[in-house]
Amino acid sequence: MGIKLGINAYGKNAINLSKIIRHADHHEFRQISVSVALEGDFETAHTLGDNSRILPTDTQKNTVYALAKEHFTSTIEDFGLHLANFFFSRNPQISKVKIELVEHGWQRMSFDGTAHTHAFTGGSTEKRRAIITQTAQGAQVSAGLQDLLLLKTTDSAFEKYIKDEYTVLKETTDRILATKCEATWPYTRTDLDFEATYQKIRTTLLRTFAGHKSQSVQQTLYAIGEQILLENETVKGISLIMPNKHYIPFNLEQFGMDNNNEIFIATDEPFGYITGTVVRE
Amino acid sequence: MGIKLGINAYGKNAINLSKIIRHADHHEFRQISVSVALEGDFETAHTLGDNSRILPTDTQKNTVYALAKEHFTSTIEDFGLHLANFFFSRNPQISKVKIELVEHGWQRMSFDGTAHTHAFTGGSTEKRRAIITQTAQGAQVSAGLQDLLLLKTTDSAFEKYIKDEYTVLKETTDRILATKCEATWPYTRTDLDFEATYQKIRTTLLRTFAGHKSQSVQQTLYAIGEQILLENETVKGISLIMPNKHYIPFNLEQFGMDNNNEIFIATDEPFGYITGTVVRE
Amino acid sequence: MGIKLGINAYGKNAINLSKIIRHADHHEFRQISVSVALEGDFETAHTLGDNSRILPTDTQKNTVYALAKEHFTSTIEDFGLHLANFFFSRNPQISKVKIELVEHGWQRMSFDGTAHTHAFTGGSTEKRRAIITQTAQGAQVSAGLQDLLLLKTTDSAFEKYIKDEYTVLKETTDRILATKCEATWPYTRTDLDFEATYQKIRTTLLRTFAGHKSQSVQQTLYAIGEQILLENETVKGISLIMPNKHYIPFNLEQFGMDNNNEIFIATDEPFGYITGTVVRE
Amino acid sequence: MGIKLGINAYGKNAINLSKIIRHADHHEFRQISVSVALEGDFETAHTLGDNSRILPTDTQKNTVYALAKEHFTSTIEDFGLHLANFFFSRNPQISKVKIELVEHGWQRMSFDGTAHTHAFTGGSTEKRRAIITQTAQGAQVSAGLQDLLLLKTTDSAFEKYIKDEYTVLKETTDRILATKCEATWPYTRTDLDFEATYQKIRTTLLRTFAGHKSQSVQQTLYAIGEQILLENETVKGISLIMPNKHYIPFNLEQFGMDNNNEIFIATDEPFGYITGTVVRE
């Protein structure tokens, strides 16, 4: 019985790139992090130390900066498609290119109702994402978001679950529901208006979270995914990661006081980890 | 020559507290982190293991949660004043109470121009701060903010500095200016409208940063401090920490391309560290 | 065309648990983080808000603490097997239990060559891991480690790679090789001496890294995997993640000085991301 | 009443520098982070945008790398002294130079009792520190350490503290004592054997922590400081920061089980924050 190379990949991660796009009367400022991963015929690099099929990760980095000048002009989806095609078409030893892009949101400053032309404050933790994969079968675009903190102060219950000898949690009809949402959705096409589609999906995600009468994180997760699929035929399916960030009522009763769902401790760890995919059948 | 206890303090840090304030037609959601530090006559605790003058940090924590129910109803400055006075007035062994409060901003969701009654997204990294100290001489309130990311794409130069044999940096009349701002300003009084004053100062900080024709981070820092002092007689002085978060033009020339201040690398480390205080004379 | 639930899972993550194991003449101190993930028949929870098949994550957490008293007495692999079997055997709605355990290393203090009975310092960033999955087909144990910083000051080259118009990197026959290694290896059996096997594999990993004349991270990765498989017939295969943590020679030539591979800048981002699996055929 | 510049400083922080020191039969590997802070006559930079007295932080960075080649050959204290003197002696506008150095520990690999010549694993979170300040009055060296995790499983009590209506904590004669220690001690001289003195003090710190019958963190802190001062006449005083990292017994009684100080939850926040200085009188 022998030993051989199995699944493998390599690339440059966390290429931090910013661009000023200069319009006649204002500047846009964009900041993204790009990761490149390549799969292909790299067996001799592993087994023989033969680097003749290795495009160095330093070169990958330089390529991303160089191509950004002409080709990072609109969405990260469009830039990612260009990058994936560039690496794939020039490197016959590569069977799959994966480009992941994360965009940091900067907020344009505004004073007395007037948007400033070139000053910005940092955005929230929420980041927009795109994942492009290219193989001989073509390109696939997934969009998404991550680190989106969502919280609602009511319309969340958790009842009628399994009880056993280790059950301490009390049933509740009214709790805080909070999560740090990550969502990824593959598209059926690569020629979409990625900006408009993204904004529409994000709004549906927020609106469904806000309006849902939740019996569990699972039910809210499914409701979000279902609504996005109903409204967007170009979305193949959606994966959601919605950790349950616990806000626990502080025990004021031990001091002879009531806590009518007013005062909470937020705990970072441990946390409930809820993940699900909603698909078409 | 003997050995003795010098400056010392203790307390509970990072008490994570959230509150739902329930109005007739909507909920407010507040999340703060409170730190308590006590100074006083604790020598025998250190030298003899005598805990009879030690208010445990666990009790400090419980007190913060219990008092939040009735007394955390408006600004962190007001809640901090109540906490400081509570600990100081009940503990004769304490000579100084310091309460630090940091508030995390949550953004109310809004759909089609209508604010939602109870759903929120996480805010930016920016956090509002208050520091209250109480001694026998009375209470002192400082307000501030931290982790406020500021960036402008032009109106920043850096020229005519010292050159020596280790100088590599090129003079520039047009660079990105970016910082993660921390500001702290003590007030002359404890009976202010802390909300209105804070918002006015924060707006001046942003507006001055945005409008300043900067010759250096130092000059922008001073301009911000000076303007805040000019507009607010209740502000004694202001300390600003404005690290220079470098956005360095990527060297596209090595590939035969121009980089007309378009494509940048953002680096986390090392960073310039600029700090200054603007005071009244 | 309808919409339905796809792949999903839930559980409690990051359950931080410590245990003092009291021997006659000394104490052991163990600190682990446990994550539980359950898959199964949870469709109605998502679609109907029916929680009757949901074992709350809070109960999962309590169960881990309660079972630790009697069953966390040796390796994390053994404790994980007990936990997986416990959840699986009591919950017919569950088709798969996954338990991930990470152990933090504490180092016993030693003075004048004598091990202290009950005092410890924190260990390195390196953490030992175990992943146990249980289904109707039985249990599967994988062991591993993460966040193991490895560095060698020589015996690492990188040459004869692809050059193109974006190539800047210079070929080198002598560079620093550094990585933060993550490794995971599934075992063929569940009744191993997990402690001895782990230690043997870890030593092989270090020894191969140290002794290898490296032509690339990929080649070193493969050499490590191959050697571990050659020496351990109970190891099915091994996945290695070895990001290339770059130590770049600082350009002293610009100051008229030589840099004979002496002075380096360590950069966190971007980084090369090298991952590979070595398997039996 | 006018407005003017108050206390201010600037410099380059977090200069990440590594060095290979090549001996005949083995390599040393050192990794440090250096921060430079300058005070002086910088008023016109702030008020007028006049940079003629500003040594750019980029130049400071370059200088640190350049000087490391010849002058970073032994301890960080010695390298820091050289850096401080270099900046101070060449810049008449500077009244105070502060150099902070943090060293990351790498552990030489060893196989079968033989130290490897050039391979290392990452060390613990513990880092050694030095702070050098230079003014017209001369240089001052402080040494120290940070992020040193210390834990003992017994010989720690906490009793007879103040009780009030918010007291929940139970008195204990046997608890886990854990902290992340930071210590800083100024020396009386600048011509010490910094290596030997540091190692002696560190050992005393560990030994005192391990052997002390603790009635409180405060008492242990004082005992450590006192012992270090007693043994080292070149130490002026010592500042210790010893947050109380809580390990809380998990409530197994609610499941009908005993928890004889066996099973604990470690919590990150909130934490007790204990700080004190031990000085000579």
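The letters A, B, C and D name the chains in turn, as written, and every chain counts its residues from 1.
The rule is simple: a residue touches a chain if its C-beta (ideal position, glycine included) is under 8 Å from a C-beta of that chain, and two chains touch if they have at least 3 such contacts.
If you're wondering where the values come from, they're calculated on a predicted model, not measured in any experiment.
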If a chain touches chain A and chain D alike, it appears here: B, C
Farthest chain (mean CA position) relative to chain B: C
More contacts between chains, B-D or B-C: B-D
Cα-centroid distance, chain A relative to chain B, in whole angstrom: 29
Centroid spacing, where centroids are CA-atom means, of chain B and chain C in whole angstrom: 38
Inter-chain centre distance, chain B versus chain D - centres from mean C-alpha coordinates, in Å: 24
Sites on chain B at which at least two other chains make contact: 16, 62, 66, 166, 168, 255, 269
Touching residues on chain B, where the partner in the complex is chain C: 165-166, 168, 254-255, 268-269
Interface residues, chain A side, partner chain B - complex: 16-22, 27, 29, 31, 62, 65-66, 68-69, 106-107, 109, 111, 116, 118-126, 148-155, 176, 180, 203, 206-207, 209-210, 247, 250, 252, 255, 257, 259, 261-267
Residues of chain B defined as touching chain D within the complex: 1-16, 35, 37, 42, 45-59, 61-63, 66, 90-91, 158-162, 164, 166-169, 214-219, 221-222, 225-226, 229-230, 237, 239, 243-244, 269-281
